[in-house]
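Please go over the structures that come below.
Paired with chain B in one complex and with chain C in the other, chain A is shared by the two complexes that follow.
So, the complex of A and B:
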């Protein structure tokens, strides 16, 4: 039972990071990035390539991965968002899905279909807490997610750039009129969002194996969390992520292991029907 | 119907005689089945402007209900009819609560629906056969006539598609079609004229689901084997890409998009995973440079030639 809580919260923290990246991109660009899971997968593989293939120390591999992912986010924005402004939503959605297909199959070509692993960065004995066991990596995942939440919240509310980003989200044309460099702001949002996906990828790779198709399911879980937490509510995403992780762990154990993925989608559809603004509402783009 | 259309259908009827080999006709048959599903998607996305990534899920429901009914001994046409009814019911169950949602939220709800259908097909093993699917499904047939060859299947499927096109054209020109387009263009304005836009969107989704189930049910009887992966999210995205490639909102575009994206992966099979990269890049390129699809681009070209 305590073990279920630990594994549920760990996976939930990864969901939360995926959702945070989605929210950040949505909050600035008003686009739901359906390739977020594939960005995560690329992050996992980049960390593996740097650390395992090229023998870099973990901190350097992680730093490089995050930098590369930020850059990829900017490229993503230039290809799949900027030229599409004003296009019907269904085309924007299809484009991000197509970007995901490209990333997934490029990964398949470059790294092959077989799952690969990333060694955990912190070595140490697992902790025993209240009858359960927490490994260092699980602690690292949960701790990093909390740090990311705090840092992002401060960034969005306290920093000048965060305020600019929220202003852009609220009214793109007005933001431009008052002199905000809209493209630069949104490119930054994509860079941070993609970096968060990369962070989730390098955290999840030591726990599970990395494979080209790992992004599909994790990306979808990220949407579920974003919907449940309220699109644009950062703490809501983390609460939603941890909650979904817990519910899945318990549903797999006590209801049905096969339908654990269905649970998430049922929750999402129910949520969309009852409270489409999420449990905690949408706040990032609301007030500046 | 204009004369060149009749000529087109007549030429299409001769296709199996030109293709000769079995494999090419099989691919052509699959293109017809995909065209049916895309034609359905066009009602809800092309006309009514609502994103629907659940189309493969509806096709899956149609395929499995048809397969199970026919395997249980029902005549094929009756099993297919039951499948259409079940799919229509499923579209109501999905649409009633979710069609109030806009853009991204509706996209996510329909993706979730597709995932749930896929998971049920995969894990309800006692009924669906799990990942190994259902085999030896009785072939398409009515009364004593049973489809035996790929060419016969082509003629039957072509006739069904022609009927489906006819119905789609009728709907487009009817009050309902105009209501769908009004809903897509300006939902609030449309509702202010007294139009029940939620009901219009529901009918559009129901038509989409029925077309998808028809496609899925005929697929089950044609290929005589169904498995969950044929009705996953990849297929939903593929159907959506077909619609956009051909030209959203155009019946001819649906047919073109389905034909191109069914034949292309077969013709480019030697590219392996590179094909999928090319497919993704192609979709991005279409959205960027030809957002109204092949039909829209051809129309613009024609206008320019006509004017200049």
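So, the complex of A and C:
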């Protein structure tokens, strides 16, 4: 029982990171990036390439991965968003889906279809807490997610750049009229969002294996979690992510391992029927 | 300081402006009047770079600006407070004002700017931490003007600041506009449908009709002009 909680929360933390990245991009560009899961997958492979293939120490491999992912986010913005600026949103969303497919096939070509693993960066004895066991990697995943939540929330509300990003999302033309260089705020949002996906990827790779198709369901779950959290609410997304992780862990144990995703989605849909704006959705327009 | 020279603007096949010319001198309040669809908003949008003229040129402080991007024009010293207020609804009052100062370097000290805006519109100081969507229409209009001032412009473009406001608030808004101009010499190009109140604060005015300048002159002369009275003062 405590073990289910630990593994559920760990997986949930990964969903939460995917959701945070989605929300960051949405917070400036007003676009739901359906390639977020594929970006995560690329992050996992980049970390593996740096650490396993090229033998870099974990901290260097992680640093390089995050930097490369931020850069990839900017490229993503220039390719998938910039040319479609001012066009209907569904076109941009379709483009992000296409980008996801491209990234997945690229990974298939470069790294092949077989799952690969990444060694955990922190080695040490697992902790025993309340009858359960927490490994260092699980602690690392949950701790990093909480840190990311706090840092992002402060950035969006306390920093000037965060305020300018939110202004950009709310009214693009008005943002330009006050002189915000919207290409920069939006590129930064994509860089941070993609970096978060990369972070999720390098955290998840030591727990599960990396494979080119891993992104699809992770991206979808990140999206569901963001919606359940009240799309735009950062702490809500994390609560939603942890909740989904827990539901899945318990569903796999007590209902059926095969149908755990189905059970999880049914519960999420039921929740949205009760609270259409999500758990923490606000009544009027505020979205980070 | 501002010279609009014979600009023509069209939305696709729809002609909005035909060879419109106007000037604003330093320290002046100039009113731009006209009925619905006359082309007032289009004129301001062309000055601030949201629209490109098909012909003609806009000059500011001697330099042509009509080819520049919106973000570049505000950096030259022209702030545009657009029609319909367009406050950032999900941002607080204080955050909206901070966004208004986007063109200044990251560590700029805005305390003097904020003090001036809060003196002009004390309601904004009371509501500084509130989200803009929760403000009344009048308060949102004050916020939109305050946000434009944060750019420290030398020319302010105001599009119908009285729209939808109760008469008392209209009077307050125009008192604030006159005060801004008097105390800091800010040049203002003021678009209004409410001709009488606009002419009461303006030095000069232009009247647009179907995308062309029909009349222009000193504000007090236009306020007595029979044609203006007939068309814009309700007989």
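Heads up, the rule we're going with is that the second predicted complex is superposed on the first by the 271 of 288 C-alpha atoms of A that agree within 3 Å, B and C clash if a C-alpha of one lies under 4 Å from a C-alpha of the other, contacts with A are read in each partner's own complex, and residues count from 1 in each chain.
Keep this in mind: contacts are C-beta pairs under 8 Å (C-beta built on N, C-alpha and C of every residue); 3 or more make two chains touch, one makes a residue touch a chain.
Here the structure is a predicted model, which is why all the values come from computation and not from measurement.
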Based on the superposed arrangement, let me know which partner A:164 touches: chain B (first), chain C (second), both, or neither? second
Identify the partner contact of A:276: answer first if only chain B is touched, second if only chain C is, both if each is, neither if none is. first
Who wins on chain A residues touched, chain B or chain C? B
Counting only contacts in the complex, chain C reaches chain A at residues 48, 50, 69-71, 74-75, 79-80, 82, 86, 88-91, 95-96, 98-100, 102-103, 106, 131, 133-134, 147-148, 150-151
Which residues of chain B touch chain A in their complex? 45, 49, 51, 97-98, 101, 103-105, 107-109, 111-113, 115-116, 119-120, 122-123, 233, 237, 240-241, 244, 248, 273-274, 276-277, 279-281, 283-284, 287-288, 291
What residues of chain A sit close enough to touch chain C in their complex? 160, 163-164, 166-167, 170-171, 173-182, 284-288
Chain A to chain B touching residues, read off their complex: 31-32, 34, 79-80, 83-84, 87-91, 93-95, 97-102, 104-106, 108-109, 216, 220, 223-224, 227, 256, 258-259, 261-262, 265-266, 268-269, 272-273, 276
